[in-house]
Structures are given as C-alpha cells and as structure tokens.
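Listed below are the structures to be examined.
Heads up, the next two complexes both have chain A, just with different partners, chain B and then chain C.
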Partner chain A sequence: METEAIREYIPLYTQAFILTLKTGWLGILLSAIIGISGGFVLYFKLPVLSSLVKMYVELFRNTPLLVQLFFIYFGLPKIGIALSAFVCGVLGLGLLGGAYMTESIRSGLEAVPDSQKEGAVSLGLDRRQLFIYVVLPQAFAISIPSIVANVIFLLKETSVFSAISLMDLMFQAKDLIGLYYKTAECLILLVVFYIIMLLPVSALGRYFEKKLRFGMYGD
Partner chain B sequence: MSNKDTILTVEHLYKAFDGTSVLEDINLEVQKGEVIVLVGPSGCGKSTFLRCLNALEETDEGRVLLDGEVINPAEGKSLSHVRERIGMVFQSYDLFPHKTILDNIMLAPLKVQKRDKEGVKAEAIELLERVGLFSHKDKYPRQLSGGQKQRVAIVRALIMHPEVLLLDEITAALDPEMVREVLDVVLSLAKEGRTMVMVTHEMAFARAVADRIIFIDGGKVVEEAAPDEFFDAPRTERAARFLKTFSF
Partner chain C sequence: MFGSLGFDVLFKGTNMARLLGGLGIALKISLISVAISIAAGIVIGILISLKNPVMDGVFKVYLEIVRIMPQMVLLFIVYFGAAKAMGLNLSPELSSIIVFSFWGIAEMSDLVRGAVTSIPAIQYESSAALGFNRWQTYAYVIIPQTARRIIPMSINLITRMIKTTSLVMMIGIVEVLKVGQQIIEANRKSSPNAAFGIFATVFVLYFLACYPISCLSKYLEKKWEN
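Entry: the complex of A and B
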C-alpha cells in the first residue's frame, strides 16, 4: 500500500466527488419534484394523468439505470436531442428516482388513517385545509424512511455514470487503476469517498425519522 | 311539527350499505339543551345514525335539518359550515399526532372560523383548565392517557361553540378508571344545558345524563322513553331483553 499515491490521488477524487455530489443531488431534487407531483396525482386519482403516472412508474422502476442512461445519452441524439453527459446523468437519476419517490409519497398519503380525516372534517375543515394541515404532515412523516432509502439508493446509483463518460468517483477510480495499476489504493479511496458522501445522509435520515415518525412527535 | 326550540330534526331517514339496510325510517326531534342517549346492541345502527347527523355518512332517503336548515351532503362547501355547528367526538379520539394538545384545540377555530389567535388561545387554556389538563397543553397526544386524550377531544369540539355535540361511544376504548373522568366532563356539560346526542354502553351513565333514551335495534327505533321509564319498565320485550344483558 502506497500512502504517497493515496495522498496524490485525493485532489482528483475530490474533484470527482464534487461532480458526483452535484449530479446526484440535482438528480434527487428532480426526483423529488417528479415524486411529489406524481404522488399527488395518484392520491387524488386525477383522470388520465393517473394512468400516465402509473405507466411511467412501471417503466422506470422495471428498467436499470444503465439502460435508461444509454437510452438518453446514445439514443436521444438519433432523434436530434443531444444532451451533455452531466445533463443526462441528472435526467436519468431524476427519472428513475421520480418513479420511486412517486410511490413513497403516494403510499405515505394513503397511509394516513381515515379516522384522522373524519376527525378533521367533523371540525369543519374543508378539503384543502384537511390536506394541508392534517394529511400532508402525517404523510410526510410516514414517507420519511422510504424517502431516505431512495436518496441513499440514488446516490449509490451515481456509480454507473462513468458508463456515459461522466467523470464521477467510479470513473476516476477506473481511470487511475488503468493508468497506474494501484488497484488497492484506488478502491480504498473510492470506498472512503462514498462513505463520506452517504454516512451523513444515513445519520440525517435516522434523525428525521425519529423526530417525525408517526406518533413520535416531540421526542 | 317542529317548535321554536327544536335544534335538530331527522325526518324519515333511511340508510343502507351495499343493499343491506342499516337505518329504516328514523325520525327524531332534538330540543335545545336536551340530552339524547342512543342505546342498543352492537351493529344496530346507532353510530351510523350519529354519523348521518353531521353528514359523515350520506343518507339514502329522508333529511336532517339543523335549526331548520337542511344538511345536504351533496352541497360540498356548505357542509364545513354545518359541521362547525355540530361537534363530534369519536371513540378513537382522533387527535392529530403531529400537533401539540394546544395546537390540536386551536387548529379549527383559527383555520375554519378565522378567529383571533390570542382569544382562541385564552379560551383553549380556560377549557383545558376546566378538564384538568392545562399542564399537558404542550405535550403531544401520544404522551397522554386514553382518558386524557378523550377529554382533549371534547375540548377540541367545544371550542368551536357547537350548537349540538355528538358523542360516539367515547368511553368504549378506555380503562374503567378513565371512564369516570371522561363521563364527569360530559355530565358537567349536560348540567350547563348543552345539547347532546350520544351513543353509549354505559347504562348507569345513560340513566344519569339523559333527558330521553332512544333504543335502536335492527336499524329501527324500537322504544323512546324518559330514562327512568326505560330502565325501570321498558315497554317492549326487546328492550327488556337488551337491558337484562347488563345485570348479573
């Protein structure tokens, strides 16, 4: 093990780390926007849109991210839509994550007991007030564990970005291994950087889950 | 024919679930300040009837009038207005777990009635003091016992100043020791002249609090009487048989 090599590679990994984070979090932001919209459409059973969202969810949950990225990066230019690797990464991750987030939000909304809604309605709350003040906060608390799991899953999925030549952490590791054959050093750095990226998310997720879990408010 | 003190009128109410009749031709007039207790075997339609009164259930036929105004579940918006005037407390409390006790109580007066926050808070505190729960105002529902939650649920309904209060088996989920603390609150409300329609299996309490007992069986009103008359000398054989199940 050469500690000198590790020290030398750290700046390169840091660059890749920043790019991975940027792509990952932008993708997650997009997936959250899609997920909230899709979840609301399914919860309110909006005609036509509900069927479209269901088709979208099935399509993106049942195909690997790598296939989706290939489709966006190599397929779309054939019909005249050429996007940068970065945009493709964000879009691919956003669309995949959006399908999972849609299901998390929908299941959270549907898990709020009917008795809670009746309790609110019997106080005179209208449908909008019922949704904003009673259903949404409780649904969010119920959804938190699966939303956190999705975020961690999506950040880990960034490791396939190298396949579309995005210079993420995985790309950097493979590149350096190919150039200098310092496999152990490069892989150790790769693991360390992924842990640095994901450990705070896990810890933050656990904190929010405990704080907001249904019926556990006030801890 | 309604008189000027009638607050709630039920006329020829019918309700069925999936073709099975649950309520048949129910008629009722509730006078201001009157306490009506609905009794009957489980599944006889008491709770469904109560839920029809504030349109939580749609009726198939007949109508419910609050102070002469028809409550129509088809009129989406106006129902909120009606429900403000008919408070309801449920067996399962249904407090909002994400809100403190004080926020649970203040939500509806602030958002539905758009009342002044300071005034609502002062009233909420006064009501909490009255039911002995002031020190719990900043806690969350899960930190309270069943009896305490039910008292909060009653306060949450009372702060809306309802003209009629519906109580649906509010002690059914409580330990015997907690039943008393909740029933004492209801008894004090009856004494101050609140109009209430309630479903209960606490027969001694029903006798103590009711102005009128309505015995329902198979979705029909079988007997309607003053409490002493109903409990001491029920007119129907079915009511007598029902009351016998409570004696050992």
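Entry: the complex of A and C
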C-alpha cells in the first residue's frame, strides 16, 4: 500500500466523482420528470398514451442500462442522431430510471384506499381537490421507499458509464490500474468514493421512510 | 433501407447464431448465480430470522455493502483485486458468479427473513401447542406460507441477474454485447451502419429473454396475493 500514490490519485478521483454525481443526479431528475408524468398517465388511464407508457416501461425495465447506452451512443449516430457521452449518460439513466419511477408513482397512486376517496367525496371535495389534498400526499408516502430504492439503484448504475468512455469513477479506476498497476490503491479509493456517494443517500432514505411511515400510521 | 441500417449483417455467416451464443453465456452465468443465491439465501434468511444479535449485526453490514456498492465495483474488486491481494487467478466467469451470488444471497436472505418474520406469532404458537418442534414448525407451517411470497420475488431476481450479466463484458467475458462489438468491427467496411442494427438486436434479445420471466413473476405475485 502506498499512501503517496493514494494522495496523488485523490484529485483525479474527485474530478471523476463530480462528473459521476452530475450525470447521476441529472439522470435522476430526468427520470423523476418522466416517472411523474408516466405515473399520472397510467393512473388517469389516458387513452393511447397509457399503452405507449406501458410499452416504454416494459421495454426499459427488461433491458440492461449498458445495452441501452450502447444503442444510444453507438447505434443512434448511424441514423443521424449523434449525442455526446455526457448527454447519452443522462438520457440513458433518465430513460431507465423513468421506467422504474413510473411504476413507483403509479403503484403509490393506486394504493390509496378507496375509502379515502369516498370520504373526500362525501365531504364535498371536487375531483381536483380530491387528487391534490387526499390522493397525492398519501400516494407520495406510499411511494417513498421505492423511490429511494430507485435513486440508490440509479446512482449505482452510473458505474456503467465508463463503457461509453465517460470519465466517471469506474473509468478513472480502470485507467489508473492500467497505467500504474497500483490495483489495491485504486480499488480502495473507488470503494471509498462510492461509499461517500451512496451511504448518505441510503441513510437519508431510511430516515425518510421512518418519518413518512409515522405520517401514515402514527406508529 | 433495411441494409443501410445495418440489419443485413445479422444474416451474414453465423452472426445471428454467435449473438445468440453470447446471450446463452449471459443466461448461463445468471442462472448459476440465481441457483446459488436461492439455496444459500433461504438458509441464511432463516438463520437470521432467529434473531441472534451478533449475526444480525454482521448481516446488516453485509446488506448495506450490497445495497450501496455497484456490482461493477464488486466485479473489479473480485477480478482484479483478488488476483493482486491473494495471488488468486480467478477466471472472469468464476469472478462474475461469485459477485452475482454475493449480491443475490443478500437479496434472497433479506427476502426470506422478511417473509418469515411477517408470519404472525399465532402460527408459531399454534404449532407449539400442537407439539411441533422447531424444525417441524418451519417445515410444515412457516415455509409453505412464506414460499408464496418468496417465489415471485426470486423469479424477479432472475431477470435482474440476466440484466446485470451485461456487465461481465467489462472483465473480458465474450457475451452478447462483446460478440456484437466483434461483428461490428469485422464488418466495418462492408456495412458501416452495423452498430445500429446489431445493438438494436441485442436490445431486443435482452427484452425477449427478460420480459416473459417478469410477466411470470407478476402473474404469480397477483395470483398468490392473499
């Protein structure tokens, strides 16, 4: 183990870390937008759009991100759509995550018990009020655990970006191992940076889960 | 039109068969890992549900590692790290099976633990009242009830394993994506657009492999809901 090498590598890893975070969170933002829209489309059973969203969800939930990225990054330029590695990363992650988020949001919305809706209607709430004040808050609480799981899953999935030569943490580690053969040092730094990236999210997720469960059941 | 999108390459020589062979390798690795995960996961899950504080602590750390470490990082650690640290020269196939099982066992055992502990206490008490010992309680009362919850989830794990096997190309296993790259490389001159056709095909192949399995999982989940 050489501490000297580790000290030398830290700035390089930090750079890669920032890029990974940027791509990851932009992708997650995109997936949230897709997920919320998709979830609403499915919940309200909009004609035509519903079946399109269903097809999209099945297609992206049943294929690996790496294959999606290869198609977007290497395949699409052949029909005239050339995107940078960064845009591909964000788009790929967003599309993959969007499919998972759509499912989380939809199942959250559908899990709100009918008695809640009937109660709201009998209190004289109109459809808009019913949705905003009764369904949405409860659906959100139900969805949170699976949304957090999706966020962690998506942040982990960023590790495949190196395959389309995005200079992320994985790429940096592979590059440095190839150059200097300091395998142990590189791998330790890789693990440390992933812990820094994901442990807070994981802990925060657990905290939220507890809070929201309290909100729902008062337990 | 069809040719210019690079789908023609598929029908040259044995290209399609080679792609399918690559998919076969990915499926083989994932099925072996799933089998190991299910077998070991059930045993570990039941052990954990016995609530030994030391085992609980170790298990929590193990789960957290799996929860936050990307499989790709684990693959690198086992494939490159083990060779360096312990002088072990693991084949890429063995490394990937180790990593996928490490991940799958965590998921399965947590699933089993959740299913077992969600069985109401009255089931255990009634079994005790009937004079069942611990082994009989599990074999005849608890496990049959938990199986209905675990089976759909473990089928779901198969599709996730299959999808994750796409990563093994990064440690040098020639699976479907790698075969695709080789075909594109070999036909660079004659069909420059092969990348579109080939990667679209790989995309569809993965979908065809996973979709029926996830449908089955969803169907069973619904059927056994109550």
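Criterion: the second predicted complex is superposed on the first by the 213 of 219 C-alpha atoms of A that agree within 3 Å, B and C clash if a C-alpha of one lies under 4 Å from a C-alpha of the other, contacts with A are read in each partner's own complex, and residues count from 1 in each chain.
Here, contacts are C-beta pairs under 8 Å (C-beta built on N, C-alpha and C of every residue); 3 or more make two chains touch, one makes a residue touch a chain.
None of these values were measured; they are calculated from a predicted model.
> Does chain B (first) or chain C (second) touch A:Val160, or do both, or does neither?
Touch partner of A:Val160: chain C, not chain B.
> Touch check for A:Glu118: first (chain B), second (chain C), both, or neither?
In the superposed model, A:Glu118 contacts chain B only, not chain C.
> Answer with first, second, both or neither: which of chain B and chain C does A:Val191 touch in the superposed model?
second
> Could you figure out whether chain B or chain C reaches more residues of chain A?
The partner with more contacted residues on chain A is C.
> Look at A:Gln138 in the shared chain and tell me whether it touches chain B only, chain C only, both, or neither; answer first, second, both or neither.
Touch partner of A:Gln138: chain B, not chain C.
> Please work out whether A:Val67 is in contact with chain B alone, chain C alone, both, or neither, and reply first, second, both or neither.
A:Val67 contacts chain C only, not chain B.
> Please output the residues of chain B touching chain A within their complex, sorted ascending.
Going through chain B, the ones touching chain A are 54, 56, 77, 80-81, 83-84, 86-88, 90, 92-100, 107-108, 111-113, 139-143, 156-157, 160.
> Within their complex, state which residues of chain C touch chain A.
Interface residues on chain C, with respect to chain A: 5-6, 64, 67-73, 76-77, 80-81, 83-85, 159, 163-167, 169-170, 177, 180, 184, 192-193, 195-196, 198-200, 202-203, 206-207, 210-211, 214.
> Which residues, counting only chain A, touch chain B once they are in their complex?
115-116, 118-126, 129, 133-134, 137-138, 141, 212, 214-218
> Under the definition above, what is the set of chain A residues touching chain C in their complex?
It comes out as residues 58-59, 61-64, 66-68, 70-71, 74-79, 152, 156-160, 162-163, 170, 173-174, 177, 183-184, 187, 190-191, 194-195, 198-199, 202.
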